[in-house]
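Only one structure is covered here, and it is reproduced in the block below.
To keep things simple, chains are lettered A, B, C and D as they appear, and every chain counts its residues starting from 1.
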Amino acid sequence: MTTKKPEDILADASAWWDTSIIDIHPGEIAIRGYPVEELIGNVRFPEMIWLMLRGELPTTAQGNLLEAALVPGVDHGPHAPSIAIARMAVTCGLPVNGAMASAINVLDDIHGGAGQQCMELYGEIDAEAGAAGDLIDAAEIVIRRHMAAGEKIVPGFGHRFHPIDPRPAPLFKLVAKAVAEGAVSGRHAAIGKAVSDALERIKGRHIPMNIDGITAVIFCELGFEPELGRGLFILSRAVGILAHAWEQKQRGRRIMGPMPKEIPFRYSGPARRAVPEPAARGAQAPRSVR
Amino acid sequence: MTTKKPEDILADASAWWDTSIIDIHPGEIAIRGYPVEELIGNVRFPEMIWLMLRGELPTTAQGNLLEAALVPGVDHGPHAPSIAIARMAVTCGLPVNGAMASAINVLDDIHGGAGQQCMELYGEIDAEAGAAGDLIDAAEIVIRRHMAAGEKIVPGFGHRFHPIDPRPAPLFKLVAKAVAEGAVSGRHAAIGKAVSDALERIKGRHIPMNIDGITAVIFCELGFEPELGRGLFILSRAVGILAHAWEQKQRGRRIMGPMPKEIPFRYSGPARRAVPEPAARGAQAPRSVR
Amino acid sequence: MTTKKPEDILADASAWWDTSIIDIHPGEIAIRGYPVEELIGNVRFPEMIWLMLRGELPTTAQGNLLEAALVPGVDHGPHAPSIAIARMAVTCGLPVNGAMASAINVLDDIHGGAGQQCMELYGEIDAEAGAAGDLIDAAEIVIRRHMAAGEKIVPGFGHRFHPIDPRPAPLFKLVAKAVAEGAVSGRHAAIGKAVSDALERIKGRHIPMNIDGITAVIFCELGFEPELGRGLFILSRAVGILAHAWEQKQRGRRIMGPMPKEIPFRYSGPARRAVPEPAARGAQAPRSVR
Amino acid sequence: MTTKKPEDILADASAWWDTSIIDIHPGEIAIRGYPVEELIGNVRFPEMIWLMLRGELPTTAQGNLLEAALVPGVDHGPHAPSIAIARMAVTCGLPVNGAMASAINVLDDIHGGAGQQCMELYGEIDAEAGAAGDLIDAAEIVIRRHMAAGEKIVPGFGHRFHPIDPRPAPLFKLVAKAVAEGAVSGRHAAIGKAVSDALERIKGRHIPMNIDGITAVIFCELGFEPELGRGLFILSRAVGILAHAWEQKQRGRRIMGPMPKEIPFRYSGPARRAVPEPAARGAQAPRSVR
């Protein structure tokens, strides 16, 4: 199938799994060039997350701001599908790795993607405003463009359950502190506020920033790519998923569905009917009983 | 939080899990209205798949054509990520359900989505041609439109490994038979051939239809929605994933990675370096050693 | 790291992914030795499942019995975690592959393992009875042994919801037919009935066989290993998981949790309290408010 | 189906999702009783992990020791199935959540369970020794018991790749420091050393502790249950899984299998053969060509 020399095929196989993250030899592990034995005890866990994702170590202030943003996303209770799935999964016999897998999997575009989409929105407003443009005007232009394209939700703003989400305010203070210390520029904090002001202009009422909106500010200030914003949220929520899986597991319940069985699910399909002979199939239309 | 009456909240909870697929009461199970005890032995497995996905039973000819299309997609060997992942997973300790989950998960847009995309392409050509238009002209217009939008691959045509994919020819014969019997219209078979002809015009050479192209023809002829095309492929490939997981499990290997460890992965990150003091972090740029 | 010749390392890499299931060359695919183009149209889908898992094609009667056993397990409604998870997953943005992965993953020991455990139980009774022993006596000995070891459930018998599961009776008829035709021996059907009789002796009341008990009979009669019993159930339930994911997706809901939000989850942890200063942490005990 | 009052059924539904972890009301979120706005900025991420899993906040010294143990497990390169799967998954089209799900799923008994098993081993030795017994004697008894039961591997000791794992030594220093500060008792550090000494007695050579052995020491010293040891490892490895998924995604490759296709997988099944007529099936035995 190939006339390559075996040495060259082996080099291809090594290159197939090329990475700039880790180098391993017998008795030696280096991450981004740093010997693992030097990292242990000298680098904090959020700094390690940064190093793995970005290639370099953050400053202490950058690491602290990232760390603060990882705290509030850990959990939002059993009404969140990610948490509910983890709890149901252990009652089916899964160990924590399996429960975490089934649950983390659903942190997709809709359940886990609002932060990422908000980061993209901020980036679009940043580009729209350019160096000297007014941020509120730029935000209004961008939001109206998205609305014209049929989008109904501005990611990072408003909340189905909380009239005012309690998480953004304390994080905003930490951003302001980091700006004052020169750790971040404050550009994306200003863009976040501009979105809020633009929304008030458009909708005629205040739609407060939610947890996704403020973590998007922080991750943008720290220079993360939008998809990594989703990744960081997953690292945070993974903690809550594990905690709920573990709590449920200790209760020993078996095959826990979404509701007690005494609440029946509603059936809205065809009424009871006989299975037709093969020759009579393929013609009848379904009837709804709802 | 709510002033609804308890009865109404319970009705909301039932409606939350509304389904038209199955109705269950103590001692009674009806699927799409058919008592399960009547389905057993009277309905074949591919017909059951059809009933579950479509709401009605197919004719025998429709069921047979669907069945034939489920056969060839079961496996494409350990170079397919879906198969490789299943085999690695069992060596990590997973039972078959876990191995199947990790593997089926990767049947996403790129690995499992070509059939679905091809169905969408056929649908676009169908609409472009309208009732009386030339199918090859319509196919050329649609393909050139996709190419102009930056798409490099025509889903369902060409194969990285097989100069001629051995699977479409026998399936095409079965479609022709079904057309002759009046079970399907043949419209999408004609569209599939038109894509092939249009590609020859555009590229100046024959690019043969692959397995995704022919199963897309069949699923379109049978009236399935494109996303169900992906779903049907997953039901098929699930068989191969299970077979490979099982074969690997019987061999008893532990933690099998993608290659023997004697083939090292290539490292292309920064050279070995000391962890800087916290105060010195955040400045240095990464260096590549590749 | 190694002094092996490159040719030998390459042979090791080929052997790393050794399989007896499929052979692929450019333009050629053979499954268990059979050219794929000959399998298409000549082998039915359940026969293909058998070929992939067992290495050889079944007789028509064996294939038909396997097929019948795949039909009833496709669905048991949204109270089943596997179905509920699939429906929640699509409302989080997952495509069908992701929804199927999260859902299939939970078909573990407790939710998907009863059939497998029942097959193991039948095997144990088979061995206990030997060639000439009384099956009911053997069943009683084995069940009492499991009970003495602390097991509370006899897999395959009794049902939390159905006083009489409607699925075993029609399947039993098909087993009887296959026995009459000489397709299977009937040994495991007899063992299944013996378990029922032994349970009546032990518990003083009839505990009817459920769907797992009868599919275990069939899969044992057909010579499948217990873990493949779980695998076959997954192939069956995958159909229902796909159907429910697809139905839910068409409804367009976003982030659907397990219950309407108007039903609050119960909180049973410590009452509201202030975060202590770092120096004061690690001493206080949690208080429950339940 | 039930004669309960609607209010009672609703209470059952609330209790169905009972949790002691989080309490949520409009505008209010409290975790383990602490208002989320107080936790932000006052509690570090590893302390938050502790709070979620244990119910109370750790002392600063406990939090630091936990943090150090989370650093080295983040990555062990693309030869680890968890890392390889993440990289393959993104080339199939999965976003980071999906790649992380497929990868975390395989951190099961064998790939992710050694730390948990080592914690159980330490616990068994602790109980065997009792308050006054010799730890090395107890370790020898316990290890010999496991060997007699057929176990071939002592979890946490020895490494297939590293003659000496570089990660335990710096972590041991941090444990010693925590013992000196009175943060932990040192009991499990002593047990870990006792296992090493007992292994030398039994095997006649030194088998050094690996990363699982030392993190098991730390998690035991800090009072975590064994299954949470696996959970903590998953939280750590999730970082590497995300980093590798992200690195691979930026390279834009499509459907990357485990090896370049120029290295064929080995086929060891039956030689090419014709599909028999249905009446001739079920008799032939498979032949191996290996």
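Worth a mention:
The rule we apply is simple: a contact is a pair of C-beta atoms (placed from the backbone, for glycine too) under 8 Å apart; a residue touches a chain by one contact, two chains touch by 3 or more.
Note that the coordinates shown come from a computational prediction; the quantities given were computed from them, not determined experimentally.
The set of chains in contact with chain A as well as chain B comprises C, D. Chain pairs B-C and C-D differ in how many C-beta pairs they share in contact, with the greater number at B-C.
Interface residue usage between chain B and chain D, two copies of one sequence, is largely shared: over half of the residue numbers at the contact are used by both copies.
Chain B and chain D, compared by their mean Cα positions, are separated by 32 Å. Chain centres here are Cα averages; for chain C and chain D they lie 25 Å apart.
For chain D, the set of residues that touch two or more other chains comprises 1, 9-10, 13, 16-17, 19-22, 26, 35, 38-39, 43, 77-79, 84, 94, 98, 101-102, 105-109, 112-113, 161, 256, 258-259, 263-265. Interface residues of chain D facing chain A in the complex, by the touch rule stated above, are 1-2, 4, 9, 12-13, 16-17, 19-22, 24, 26-29, 31, 35-41, 43-46, 48-49, 52-53, 67-68, 70-72, 74-79, 84, 87, 95-98, 100-102, 104-109, 112-113, 161-167, 169-171, 173-174, 227-228, 230-231, 234-235, 238-240, 242-247, 249, 256, 259-260, 262-264. Every residue of chain B that touches chain A in the complex is listed here, in rising order: 10, 13-23, 30, 32-35, 38-39, 42-43, 55-60, 62, 94, 98, 101-102, 105, 258-259, 263-276, 278-279, 281-282, 284-288, 290. Interface of chain C with chain A (complex): residues 1, 5-7, 9-10, 13, 25-26, 77-82, 84-85, 88-89, 91-94, 98, 101-103, 105-113, 160-161, 254-259, 261, 265.
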